[in-house]
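In the two assemblies presented below, subunit A is common to both, partnered first by subunit B and then by subunit C.
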Partner chain A sequence: MTIYSLYIYDRHCTCVYYQDWHRTKAPRPATEGGILPAVSQQLYQVRGEDGTLSVMNSSPRNTLSSSSGVVIAVNDELPRTPLLQTMPQPPAPKPVHTGLSFDEEAKLVYGVVLSLRNMIKKLSGQDEQFTNYRTSTYKLHLYETLSGYKFIMLSDPFSDSLRFILRQIYAGPFLEYVVRNPLVNMDSKEYGIDNEYFRASVDRIVRGLSVF
Partner chain B sequence: MAAPASTSIATSLAAFADPPVRLVDGPAVDYFFIELVNTLRASSAVAVARTRKVEQEMIEAGLLSPPPQAPPAVPSKRDSIASTSSKTADSQTVTDEEEEALRLRLESIGMHVGTNVAERLCHERGLFADTLDAIKFICKELWVACWDKQVDNLRTNHRGVYVLQDNAFKPIQRISSWQGRADALRRAKLYAAMPAGMIKGALSRLGFQAVVVPEITVLPQCTFQVKLPRGS
Partner chain C sequence: MAIFGLWVINKAGGLVYQRNIGDGLPGLTSNEYLVLAGTLHGIHAITSRLSPTGSSSGAHTIEGEAFKMTILLTATGTKFVLLTSVVEPTADSVLQKVYEIYSDAVMKNPFHTPEMPIRSEAFDSRITALIG
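Let's look at the complex of A and B:
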């Protein structure tokens, strides 16, 4: 029983945050301009001075060993999961990417959720809530706030509803380190909500779960 | 007959004389300060642009010689703002000017707030014996009233310089940036300007003219260097 990944969308229908723990295929970095800055360090590409696209820096999940500022990851050395991130030696097998770049993937996920939600509301009335759906390989859980933020979590297909975890993430790290953080510009159309403390606290919550 | 009436009057007068302490919701204050800084940033950008335009017009009209390095004395309502950099309309100097203007506005707002908070906190105590006493008052009562804890470390060189250190300073506790710690540190300096102003204002209401400089080396630790004039 594991957690695969977490997406957060704001009310403007854009992805503002992404974090993953276990994925069979690594997410391909987004095309330039596809996603906002401050969504996920490992997926945001900038054009360097020599014109090559590269990921900004490898986001150190372990914040204790951070702050070296060394650009390590370039496209084909993108680590498969944060757990395999050994600094000097790249992992021996080249990680397999999904066919889609991340911005397309994010849009598809959002599209699925939105369409299902609208369909269910039309079928059964305004009181019905779309909570999760399951396929043979994963289960997608949705928690939507009144302010329009959608927390989407993908987990293995046999887990129970994880809405309460998403609610915990909203009531804890989100309110503390995103809403109360002076540096995070919420509801802007130009930046996501990624920051160090938020990422670390979400990580801590998810890794501390019994279903992880 | 007269006795019960007078006791009820006495209790209501007592409530006026010593009102119950009311607290403000922490998150509400945080949200307000976030908006305050953003609004002041926009307003100081407008003010800086306006003074630059006036200076440019005066230079063109020949009233001011275009200064190569030395800044002209530009009349402005805020007498504390002076452009200390050269007049090349560099984007870097413009943003520095704006940052400085913003910092000054935050500090002066802090001063007004600090004076009133100190006034309220001191209404029961006697005079301060010496400056050390006043600093200790700041460390304990002002800090508790504003930020729910006391200062963690107080150092002095016994010549009028005091260093107040707070290991988890509340206004900067949640500051975190997606670009890493260095960026968060750089931007956090601004959010310590208003607390520095509060300390300065509180001391000035108590009769001590101080210079307060905040410094952040490691988030969320913050130190304030307070320089009091000698002999006071």
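Let's look at the complex of A and C:
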């Protein structure tokens, strides 16, 4: 029982959030301009290791996040540094990369989901929703909100339907820390929705699951 | 517990056999079925590349709220697709039997051109006997 990753897309087909847990094959870092800023901290961190992106620590606006008090979101182009200064971690072993870069992967995931959704609608002749598909190594689950946000989760192939968890993420952290957060620029097509509280809250929900 | 339809897709993504069983799903025009089969062929190839761990097969089952598609990919690249209700535990074994019938009634038929639409009464009647 494993959960691999979570993608959130808005109604403009752009990936606005990404997080992963047990992936053994990570995507290559996204190309410049391939994804929006503030989609995933992890991807920026990967780039930092390669030494290509050192701007993160020298951002002039970093003072905001290291000060005391609660900062829910910072209107900054770069992903925010954690509120709590974590201990420097030992360098992780270099991850095995899939052949795809993250922006290509995100587009493929969206393409597959959209095509399957249309296929299921056409075949059923009514407004029936596509819910999941399964291959030999993973299972993809989809939950689509009325506002057109698509929550997509990849898990191991033998898990039961995880739509209720995606719904829970939508009803809990997403509404609380993204929709009700005045600093998150939703629907902007320029920024993702990543912020400290949302990420921590999603992480807590997923790690608390028996299927994690 | 119901079977709605059977498709056979050749290795190039063309629909060579399509049959509706019962009236669980609305009928579409043959053109629409050809388009859907082509789309499925493409999606199947992409799904195997999205694996978060190890190398993966293509999609094996695709589920909606009220029906699912079970896909059997043979070693030669032909795909057998069975449309059933969501709870249909026999889908895999039915597909294996369809593959057997295909080998017997289509591949051993000297008048059949490979990769072309299947027009064989023997195949038709044996499929009817199996799932009709």
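Methods note: the second predicted complex is superposed on the first by the 162 of 212 C-alpha atoms of A that agree within 3 Å, B and C clash if a C-alpha of one lies under 4 Å from a C-alpha of the other, contacts with A are read in each partner's own complex, and residues count from 1 in each chain.
As a convention for this text, a residue touches a chain if its C-beta (ideal position, glycine included) is under 8 Å from a C-beta of that chain, and two chains touch if they have at least 3 such contacts.
All of these numbers come straight from a predicted model, not from anything done at the bench.
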{"item": "Joint occupancy of subunit A by subunit B and subunit C, clash or fit", "value": "fit"}
{"item": "Partner chain in contact with A:Thr131 - subunit B first, subunit C second, else both or neither", "value": "second"}
{"item": "Subunit B versus subunit C as contact partner of A:Ala38, first or second or both or neither", "value": "first"}
{"item": "First (subunit B), second (subunit C), both or neither touched by A:Tyr149", "value": "neither"}
{"item": "Which superposed partner A:Asp194 touches (first subunit B, second subunit C, both, neither)", "value": "first"}
{"item": "Contacts of A:Tyr18 with subunit B and subunit C, given as first, second, both or neither", "value": "neither"}
{"item": "Which of subunit B and subunit C A:Phe102 touches, first, second, both or neither", "value": "neither"}
{"item": "Partner with the higher number of touched subunit A residues, subunit C or subunit B", "value": "C"}
{"item": "Which superposed partner A:Leu183 touches (first subunit B, second subunit C, both, neither)", "value": "first"}
{"item": "Subunit C versus subunit B - closest C-alpha approach in the superposed model, Å", "value": "25"}
{"item": "Footprint of subunit B on subunit A - complex, ascending", "value": "37-38, 41, 66-67, 69, 175-177, 179-183, 191-192, 194-198"}
{"item": "Contacting residues of subunit C [partner subunit A, same complex]", "value": "25-26, 28, 32, 36, 39-40, 42-43, 46-67, 83"}
{"item": "Residue ranges of subunit A touching subunit C (in the complex, touch as defined)", "value": "4-5, 20, 22-25, 98-100, 105, 108-109, 111-112, 115-116, 119-120, 122-125, 128-138, 140, 154"}
{"item": "Partner subunit A, residues of subunit B touching it in the complex", "value": "27, 30-31, 33-34, 37, 174-178, 180-182, 184, 187, 191"}
